[in-house]
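First the structure, then my questions, so here it is.
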Amino acid sequence: MMIIMRSDASQQEISQVVERVEANGLQAHVSTGAERTVIGAIGDGRPVQRDLFTLLPGVDRVVPISRPYKLTSREFKAEDSIFPLNGVQVGGQGIVIIAGPCSVESRSQVLEVAHAVREAGAHALRGGVFKPRTSPYSFQGLGQEGLEYLAEARQQTGLPIVTEVMREEQIPLLTHYVDVLQVGARNMQNFALLHAVGESKHPTLLKRGLSATVEELLMAAEYILSHGNRRVMLCERGIRTFETSTRNTTDINAIPVLKSLTHLPVLLDPSHSTGNWNYVSAIGRAGIAAGADGLIVEVHPHPEQALSDGGQSLKPERFAELVRQTQAIAEAVGRFVYPAANHVKP
Amino acid sequence: MMIIMRSDASQQEISQVVERVEANGLQAHVSTGAERTVIGAIGDGRPVQRDLFTLLPGVDRVVPISRPYKLTSREFKAEDSIFPLNGVQVGGQGIVIIAGPCSVESRSQVLEVAHAVREAGAHALRGGVFKPRTSPYSFQGLGQEGLEYLAEARQQTGLPIVTEVMREEQIPLLTHYVDVLQVGARNMQNFALLHAVGESKHPTLLKRGLSATVEELLMAAEYILSHGNRRVMLCERGIRTFETSTRNTTDINAIPVLKSLTHLPVLLDPSHSTGNWNYVSAIGRAGIAAGADGLIVEVHPHPEQALSDGGQSLKPERFAELVRQTQAIAEAVGRFVYPAANHVKP
Amino acid sequence: MMIIMRSDASQQEISQVVERVEANGLQAHVSTGAERTVIGAIGDGRPVQRDLFTLLPGVDRVVPISRPYKLTSREFKAEDSIFPLNGVQVGGQGIVIIAGPCSVESRSQVLEVAHAVREAGAHALRGGVFKPRTSPYSFQGLGQEGLEYLAEARQQTGLPIVTEVMREEQIPLLTHYVDVLQVGARNMQNFALLHAVGESKHPTLLKRGLSATVEELLMAAEYILSHGNRRVMLCERGIRTFETSTRNTTDINAIPVLKSLTHLPVLLDPSHSTGNWNYVSAIGRAGIAAGADGLIVEVHPHPEQALSDGGQSLKPERFAELVRQTQAIAEAVGRFVYPAANHVKP
Amino acid sequence: MMIIMRSDASQQEISQVVERVEANGLQAHVSTGAERTVIGAIGDGRPVQRDLFTLLPGVDRVVPISRPYKLTSREFKAEDSIFPLNGVQVGGQGIVIIAGPCSVESRSQVLEVAHAVREAGAHALRGGVFKPRTSPYSFQGLGQEGLEYLAEARQQTGLPIVTEVMREEQIPLLTHYVDVLQVGARNMQNFALLHAVGESKHPTLLKRGLSATVEELLMAAEYILSHGNRRVMLCERGIRTFETSTRNTTDINAIPVLKSLTHLPVLLDPSHSTGNWNYVSAIGRAGIAAGADGLIVEVHPHPEQALSDGGQSLKPERFAELVRQTQAIAEAVGRFVYPAANHVKP
């Protein structure tokens, strides 16, 4: 780390910092400029507390040199991480599309959606059975009953299942039924959950928190990886800003930024990142054009009757159109969308 | 709710909305203006899905009338909620100050801080034993061992204990040891945890999430109240904005806004809301001047050796000065800080 | 507008609001729900001050019904506005690309860039001669000398010129030399400038402010339109958020949102919206995929020697590649990029 | 500046950076750590373009060492800058209160307010005659007529006048009539205006932009100071964030941060920073408690009839109460509010 001294720091203050650096087993490199002195604290790569130095007299600020994540970084692993998902590959040249309702509401609903998205070209089925709702008075999900319906949908369509996990205790049950655990935006920094998901070794879709930086998303992924689970997909789903014309602001920049910083696959969820079905297709296309490895999209056969998120759900025919647009954009950027035929019935 | 039609909505589209309103057991009041028609959907107070109407043709937008929280609102309960905390009252005319280290690091550390903050005038001791850390490589807390130290500090000083709960499973253990459960900013929308804390009926300090709106904070409190726990204190601890000169931005406006919207006590955490000890006292004073019912402050005898948050911790002597300043400000706004003598040894 | 009363509002308070509504020449429609009363104030479309009602006793809040902009809205004019720009059309099916250096630095630099971007396929040349710089110690632009160089570049290449106007006094000079006036992000709410640009009737590129909402951008355009200038192009150039991995956050959602709310052409500036040349092409592609009518891109033959914005400038060969990618994306969304041959030498 | 290399940077890339550093007349200090190499570029204090190095191969990022502002910094001038304002001192131990209507609406209105705020204890009168309005259809101010009324108010009450300047051309007229020029939030980065205000040498109140960082506010002040005008007061007036329960978010942290970074006086405008008269007094008190040197408050005798900003204006009797509260808070922090008697009739 680099310790930048105040321009009025005394020689004694500088010496004190150097002593503290060396007392912590680091080497001190002193650079004296026209205005300020900067002291480089050179170590062996182990983390050192910044506050050890921030609080010393004469110190203006401390700038870290190393990035705080390792296993998730491109510097640690240069080539893209690629995970198989029932006949398709997430993170390679092919684009993967996950679709389905926000919540599993009934057997007939989930089967209807599953067949519809399968036919439209989706590669996996999403659907929540445990729902994080901001209001205690809203629908909270079907629980295990919903998992049974998802399993039936999987059997009928061959689509692997993506479902959100909200509590560590749900992991054994969920891993029995579902192919990919989703860690939702509100749990991105639920470290106990990240720890448990890491130990489960189950493929995981990690969504960015509403106000999480790209670096914090990578730190959350680091939690999962550091507990032994390397099959992590990241998902941009919109951040919170001052703009209110859409529910969230799609941080489209995060797509190429993440692709440059990490080897993990990066998906976009245009349903949550806009919160309005009118804009989902445009932003889905934009995500693929910017380099995303896939999309996760909310689809509902009767959005106006949905128990949650109806306003951002596409009807199946609009979703089918989005799949065709995605294919066209994928080709324009030298990639492709896996054909439906790639699916293997389980 | 009010359904605002597009200015080019047809008469048929208007009729369709009216039918949908009535089909859902609501009354429709149609107001036809020079530019637009607005349809009021009047019900009996039960929640209705906005998306039922958002998606209908000709609808511009839907504006809710009711606030989404009830039990936490001043409209539900006009007078301030006041909770006893070992001889002092949180939420009344008296100001309450909670202080202590970010993390319990050792027996000697916590005892030293406890005596120091007791002497300086604090009314409760804070200290984390389970730590939410953004890096999996950082210190994660002492766990039950830390609770034993806190219990000893409580016995020696009479100070009640405030500790963060991170998982539902920790609740039985924590309620055995501590007087107030803290729900941290990163868990403000961990609904499973809110549910469990609600059922515990244990006094709870609920911190605002980094990017949570005031309304979402009140909804999170509603979760706890709706599960039967009325002893909830709210805590502003800074929000995430574009400004980087401090770690967070203290939303000082939230103090009077919350006091007007809810009957629950409102505290301020100037340590996290600034992230820099240099500014803690100024912002703590500002909080009391703005109407906060108390402060929660990080204090460490040797901040430069702290295992976490050293940079935002006050030394005991500076904390004692903040207590004196708080007394002066409290008087200026017609309130008072409880004297240390109010404490009862357990 | 709709006036929402508090749930504890008295009958007298409601009557007082109704009287005030009627005293202002509006009709009052009273809807009484289970919890609250809502009073619709129905007028003839003329603006009414919200604060007339906000401050009355018993009022919870006032919700406007009308949008505050008119001439810029799709409700006012449904079909796309299309403007000719030296042989191409901005706002139609064809995509338009504007490119050039941040600042005009010298005659040789601007001529070199002009020929390079002409050859790569750009349809207009951008280049600043009056520079808004956050530091008074930075390069402030060449002024009229720069305009002469731009005129020479225009004569040699046939490319129309886009240049930023910073002060009303510059308008006569600039309109003599340049084809499109650019109002920069920092001046988006410089209302005196908007007024003057409106009266100039000169084609104008209006950039969104760093923290301007979509609605405020449309209000700024309304200023220009309401003073008689209908040839306004809007430009998303990134907003300020908490994310720091890129200089700004591209609000990609704003592209389809603007296209649905207004008939004016919408461009994207991926150079400013990312602030890093590494991400410019990905975000440029995303903009076209999301429905933008064109791009404005910073290009510099020697970015590392640029006097401003070198870090976000593309070299000519990378820019040529972006033009090719834009063509591919345009085709994927059923549009096209104008061929270079469309240009007419002046 | 410090140039941080990628962890996989080659020796050749490091050498190339060193050469570039030296070719620009700087000294290169190379520090080689376990993971990365950092190259300090040590100069003589003159600004160097960061992009000179950002774009070189192998460079991860470039961290500036010097602050970009000089004249405004505490490092340049340690003691507080204090300016006389008609018998009181801005920036010293005494607190200064500026009050008045958002807009000058009529002779009777401004005289009524002037006498009311004078009596309540204000030290200066604010009132806009040129209004920046987001809508072209809103009241735009009385112009010179308004200045005549302000002059009359000044003569009758002895209160110095603070008025916003929107265009450089207004400066001669305004400096003839008013004691302090106000640069509004929307013009904080109108560099042409800052330049002209600097040359005017007239006392200036510079408001922070809605999305300006503290550093950008100081850079804007630097513009004014660097053109020869040292009498600049800074004003926090709320920033734009995701929170919508108040119009803006008061960045109360900015008060102590600014006081530590600069010698210039720092005021708070609680009217704009909340946008709601209900919260103005609480936030005004908070500002003084946090260390502000004064307040600027909107006062209107009949807020419900105000042509602008009625909803955030205090009635004179509430303002008088705020002055009394300010006195109490000032005493609590060891300061005082100037008595009305300090004013000198002009």
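Side notes on the structure shown:
For clarity, chains are labelled A, B, C and D in written order, and residue numbers in each chain start from 1.
As a convention for this text, a residue touches a chain if its C-beta (ideal position, glycine included) is under 8 Å from a C-beta of that chain, and two chains touch if they have at least 3 such contacts.
None of these values were measured; they are calculated from a predicted model.
Ranking every chain by how far its Cα centroid lies from the centroid of chain A, the top place goes to D. When the interfaces B-D and A-D are ranked by how many C-beta pairs touch across them, B-D comes first. In terms of their C-alpha centroids, the spacing between chain A and chain B amounts to 27 Å. For this pair, chain A with chain D, the centres built from the Cα atoms lie 39 Å apart. We define each chain's centre as the mean of its Cα atoms; on that basis chain B and chain D are separated by 31 Å.
Of all residues in chain C, those that touch two or more other chains are 211, 240-242, 244.
Against chain C, in their complex, chain D makes its touches with residues 47, 49-52, 54-56, 68, 132-138, 166-168, 186-187, 189-192, 195, 209-211, 216, 219-220, 222-223, 226-227, 240, 277, 303-307, 309-311.
Of all residues in chain B, those touching chain D in their complex are 211, 213-215, 239, 241-246, 249-257, 260-261, 273-274, 278-279, 282-283, 285-291, 325, 328-329, 331-333. On chain D, the positions that touch chain A within their shared complex are 2, 4, 6-8, 29, 31-36, 38, 40, 42-45, 63, 65-66, 75, 78, 211, 240-242, 244.
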